[in-house]
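The two complexes that follow have subunit A in common; it is paired with subunit B in the first and with subunit C in the second.
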Partner chain A sequence: MAETATREFLHNLHDLPQTVKDSCFRLGKAPESEREESQATFHNLFLHIHSVRVHVRTLKPTLTFGLGLMATASFLITIITGVLLMVYYKPSTDLAYQSIKDIHFTVSTGRFIRNIHRWSAQLMVLVVLLHMARVFFTASYKKPREFNWLIGLALLVLTLALSFTGYLLPWDQLAYWAITIGSNIANSPRELTDAIGITRFFDPGGFQKRLLLGANYVGQDALIRFYVLHVFVLPLALVTLLGVHFWRIRKDGGLAKPEDPPGGLAEWGGEKRPVFQPLATKTYGLMALVKGKRAPVNRGPENTVMSWPHLFWAELSVFMVTVAVTLILAFYSDAPLKELANAAIPENPAKAPWYFLGLQELVSYSAFMGGMLIPMIVLVGLALIPFLDRRPGGEGTWFGTSHERSVFWQSIFFACAVTVGMLAFTVNYGWLRNWFPNIHQLWIIAINPGSLFVLIFAAWSIFILKRKDSVRLSAVSLFTCFLVGFTLLTYFATVHRGPNWHFYWWPSQWPVH
Partner chain B sequence: MKDPSRIYRWLLLVASVVTIVYLVGAAVRENYLAQWRTVQHEYRNILREKATDDRGRELLAKFRVEMKQTTIPALGTVDRCVTCHNGIDDPRMTDMPQPHRTHPGHILDKHPVDRFGCTVCHHGQGAAMSFNEAKAEDVFWDYPLLPPELTESTCVTCHDAERLPPDQIPLLTVGMRLYREKSCGSCHKLGGRGGSLGPALDNEGAKTKHQLIMTNLKPPHTTWSWQNAHFRDPGGVVPDSLMRNPTVTRQEALALTAYMLSQWKRDVPESYLAPDKIEQKYRALHPAPLAGEEVYRGYCTACHGNGTYTRWDKKFNRFIPAIRGVSLISTATREYLRANIEQGRPGTQMPAWGSHAGGLLPEEITGVVEYLRSGAPAVPAMTALTLHGDDSNGLSLFLKNCAGCHGMNGRGGMAPEIGNPVFQQAATDEFIIRTIRNGRIGTAMPAFQRNDAPAFSDQDIADVLAYLRTLGEPKAQKAMAQRVTSRTPPGGKP
Partner chain C sequence: MSRLDPPHVSRRSFLSLVSLGSFFAALGTAAAGIFRLPNPAVLPGPVRRFKLGPPEQFSAGSETAFAEQNLVLFRDDEGFYAISSTCTHLGCTVARSKDGFACPCHGSRFNSKGSVVGGPAPRPLPWLEVSRSANGDLVVNADNEVPEGTRYRV
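Then we have the complex of A and B:
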């Protein structure tokens, strides 16, 4: 007996690597047939959110440019590097700055990791914005994907909030004054309540600011709030919504794409291919859980490929490209760290993070309009798009319906002209306060370059609506105007605004302090 | 059909290779190419060369290539300077090039590195691991490394500069002397004493470059290059500065710069203070009065010179009176002088010097008054004026003869403001009459009742006096006060 038990033990010991491997991977080997490839997909927790087969269109690089994945990848990178940074970071006004300096100077690879964290966070904001533009211009928000568009908007807001809360943590001059600006934007409803004289009774601005900062100034309370939001609340919310976002992609039938005509020939890659003809007697809807017309199975299998390995190659490559881009940026460019925060020495100009600079430009005209009302209008407007533009067509194709491309270019031209013209006018001639020094503040809140942008862009989209007789084209014109306005204002405030928010052609002309 | 994921596999390959290259690159950069590692390898070679005795061999054996730092919790500093400056406490390294050289002088004997660190004296970014970042002139750091000659300015953190041997602090010694000689206190406060035309200088050394206007300065933009340039040419650095050019040599400007940098009320634990520093703090609470002449030199001469001549000041746009001139002190009583010094002369650049404002002690003001009056002739007796004045006639005489310089309602112009409350209260009738009669020699104020050609009769003088006194009435005073407060303050720039 002992003899056999010993032998069995030795045998098991010998097989140990193989048995451990088998127990980890349900398939246990590289899949060899399509059946095994399907199993590889749905037997894996991390892969099973994918469908087993994907449409070839999904893999076309120019359809999505991998933007959504890139945003996810940069989020994962920030999570990993963020956890590493948390090991050394101390969220206290006395210690925070020194701990970042230590990360920078002495922690092994600390500087590199902090750079990666910073760059992937910046990349994430940029890519999320581009992803939104991609989804819009390929009309991918249309039924049944309206809800996912809303989730996407929430993710955009969370991304901005994550980036913004992270801004304060180094507790340097850049952080301190950017957050001071940010909290003053939260305070901006006061401009309205002050103007009509009800701040004493009703002060939402002051409430928001105190809620954000935990005090009336940027100090320890603000730091710990931002820290908790940055490392716990917001990432948790973002991960949750990200799960919903992915799940809805799958349940809404994968990436938006034009219908393949059933039973006919569909063109793909310059060739006509026969399309899968579903049997009338069989229900292909996955246990009726999937919305739409018996979703993915409806499409011709000739135009689909196995997710394993094709989709996963694509996803992995986008992930690695994101990593590589972040590493290159992090290698050459250090994350900024200015002097220790000092309430006595204001940064001049004190600028918000770049993605809020467009807003800051508007805030410089009217805090309430630029900091509260216009962002609200933009968010509500974006949220309404899929519910107001309900006519199918153009899904999954860039500028898919007729005239879209020309309306897009016209809107770019129009919005550029309006934005540049308005900025040039404001810089040269000032605004109401310069002409009528004693004018009531309510006039300025109501009539300023920011509110005029909104009105003019709205008028333009109504003009397109009437002229082209298409809700989609009207939406395209408005969305394009928003993108152009955002881009130009951000550029303008970044490059051309100097100390005291004065206009300069170039930062090198700023007076040196 | 073409393989749809082919492009992605190529992309993956390229991205992965790039990733690995940069990861390896970052690792190599940090672990092999760091500046401090090279320096420490060099230093080990030096140690090896010098390991000729037991002690040397022991030092060599103990030496490790590693990060080194001095942490001083009491001062809140972490100084990693010793990572590269390995030889500062090794007397054999005096002939070595930096950064291996022994610390010069015997300062480390009394200031061991493990108790004081480096940046408390030298400034700079102690936490940094490369020289450029430690020097911190072009990186974001409030207090860059001080140039060697200015390092003495930080001795004052724990020492009383007056008690340190002058050869240890050559620049500070000169700077302190110049501060008195150039009468900087006429316009600037230090320790609560001084004029109010310029900014107080108590924490001048704590300023960062962001608090100074660098526009007209060539790089490097450091606080000391600003101070240095500013002492050579104040108006050239701060365009509309009221500050008079102190006319100093290059070396003197540097000395004043060191003195300014030493003005820093820095909090260090009591245990770090030298006994003389504690004494100095005690003395500041119970100041010993200076003699009148010293006070005059330190706090008056920048504007009044030696006080025996009147001059027109372009920047102030008014005459600065000869306060030791015979004609003033032969007329002015002690009380008048005292009131003018204590309370200043509203409407002019003359600030108040009483203990509530300029910080002079009552004894010191007495001393200054005596100094002003030293050498004055006895005030001759005056024929009394008992006439009753008519202020309306006084007004017409004033408009014809006085308002041109003293301004409508005596609000001042080229000549002093005679409607202001301090003047009205301090000036006795006798003083005013005497001044009108005799004029003020050395100024534009003529004598109105000379024996040879009397312009005013006694009655006229009485009328003018009566009119002048109406300016002191509450109503006139109120109008005056409103005007004074609504006027923009003079200068304001350093």
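Then we have the complex of A and C:
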């Protein structure tokens, strides 16, 4: 008896490496048949959010440019590096600055990790914006993807909120003044309530600011609130919504793509493949029970390919590219760290991070209009797109319906002319307050370059609606104007605004102080 | 079916409606409670009453900037007055310019009495209450605004 148990034990010991490996990898080897490839996909928690087969069209790099994935990748990078930074960072007004300094100058690899965190966060903002633009211009928000567009917008807001809250944590001059300005933007409904004299009874601005800062000024309470939001609340919310985002992509039938021509052959990559037709008489498996048409495993040649390995290679390469880009940026360029926060002397100019600079330009006309109302209008406008433009057509194709490309270029031209003209006018002639020093604040809130942008762009899109008789084209014109306005204002405030928010052709002309 | 003959609601579905209602009421109350907590009941913060020293220290026609306290103290023939140097736009600290104050953040400009002459600031720079402490030092209460033109005579 004892003898056999010992044997069994030794035998198990001998097999240990193999049995451990088998228990981890259910297949135990690289999949060889399509059946095994599909098992490789749905037997793995992380891979099984993918369908087993994907349509070749959606694999084409120029459909998505991998932008959504790049956003995911840079988010993962910020999570990993963020946890590392938490090891040394201390969220207290006395210690925060010093701990960042330690990370930057003393901790081994600290500076590099900090740079990676900064850069991937910035990359994430950029890439999320581009991803939204690609979803828009490929009309991928149309039925049944309206809901996922909304989830996407929530993700955009969370991404911006994450970077805003992260901005305060170093507790340097840049951080302190950017957050002072930011929290006073939250306070800016007061501009309106003051102007009509109801602040004493109804003060949403003050409420928002107190909620954000826990005080009337940026101090310890603000720092700890921002810290909690930045390292816990917002990432958790983002991960949750990201799960919903991915899940909806599956349930909406994969990425948006044009209908295959009925019957016959479709050409893919120089190859003619028979088009898959779901049969009315066939019962499809659970995996196929989603909106849209989905191919089951192991059917003959058709216009889908196995996710393993085709999709996974593509995803892996996007991840690698993202990592490479952040590493290179982080290697060559250091995250800024100014002097310790000083409540007496603001930075001059005190600039927000680049993606908020367009807003800062608008805020420099009216805090309430530029900082609250216009962002609100833009968000609501974006959210309404899939519900107002409901006619199918063009899904999954860049500029897929007729005239889209020409409306796009016309709108670029129009929006550039309007934005440059308005900025040039404001820089040269000033605005209402300069001409009528005693004008009532309500006029300034209502009529300023920011609100005029919104009005003119809206008028342009209504003009397109009437002239081209198409809701989609009208949406294209408005969205393009928004993109152009955002880009130009951001550029303008980054390059041409100097000390005292004066206009300069180049930063090299700023007066030294 | 007329109004006199309402659809029959079974006891069971009535009870489940009521319990569902109480569930959502509880949820709403909990949510309200959750959002009450972060709304500070007491605003923490330093006392913003500043002792600036004996009045004799400031000659008539003088102006003295107090950077830490974010205010500028003036003395003219009529008396003392203090103007806050926190911009009414978005809270940056304004600097003294040739003919008044200029804000570095979005270019608001004020004249030397604090009135807005340009830029996005919605209100003039506040005039602050000036008084004296028991030992005779000038005291500025930065939390109390006074109407423009108010002077404190010693």
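Here is the rule we use: the second predicted complex is superposed on the first by the 493 of 513 C-alpha atoms of A that agree within 3 Å, B and C clash if a C-alpha of one lies under 4 Å from a C-alpha of the other, contacts with A are read in each partner's own complex, and residues count from 1 in each chain.
Keep in mind that, in the parts below, a contact is a pair of C-beta atoms (placed from the backbone, for glycine too) under 8 Å apart; a residue touches a chain by one contact, two chains touch by 3 or more.
Note that the coordinates shown come from a computational prediction; the quantities given were computed from them, not determined experimentally.
Once chain A of one complex is fitted onto chain A of the other, the partner contacts of A:K143 are absent, as it touches neither subunit B nor subunit C.
In the overlay built on the shared chain, the residue A:R225 is in contact with subunit C alone; subunit B does not reach it.
In the superposition on chain A, contact of A:V321 is made with subunit B only, not with subunit C.
In the superposition on chain A, A:K90 makes contact with neither subunit B nor subunit C.
Look at A:Q173: by the touch rule set out above, it reaches subunit B but stays clear of subunit C.
Of the two partner chains, subunit B and subunit C are each touched by A:I345.
According to the touch criterion, the shared surface of subunit A, contacted by subunit B in one complex and subunit C in the other, consists of residues 345. The touching residues of subunit A, when paired with subunit B in their complex, are 56, 59, 61, 98, 101-102, 105-106, 108-109, 111-112, 172-173, 269, 305, 309-311, 313-314, 316-318, 320-321, 323-324, 327-328, 331, 336-340, 342, 345, 511-513.
Across the interface of their complex, subunit A is touched by residues 1-5, 7-9, 11-12, 14-16, 18-19, 22-23, 25-27, 30, 67, 78, 80, 127-129, 133, 140-142, 208-215, 217, 221 of subunit B. Residues 177, 180-181, 183-185, 188, 191, 194-195, 207, 210-211, 214-217, 219-221, 225, 343-350, 360, 363-367, 430, 433-434, 437, 441, 444, 499-502 of subunit A are the ones that touch subunit C when the two sit in their complex. Only residues 38-40, 43-45, 67-68, 70, 89-93, 95, 102-107, 115-120, 122-123 of subunit C touch subunit A when the two sit together in their complex.
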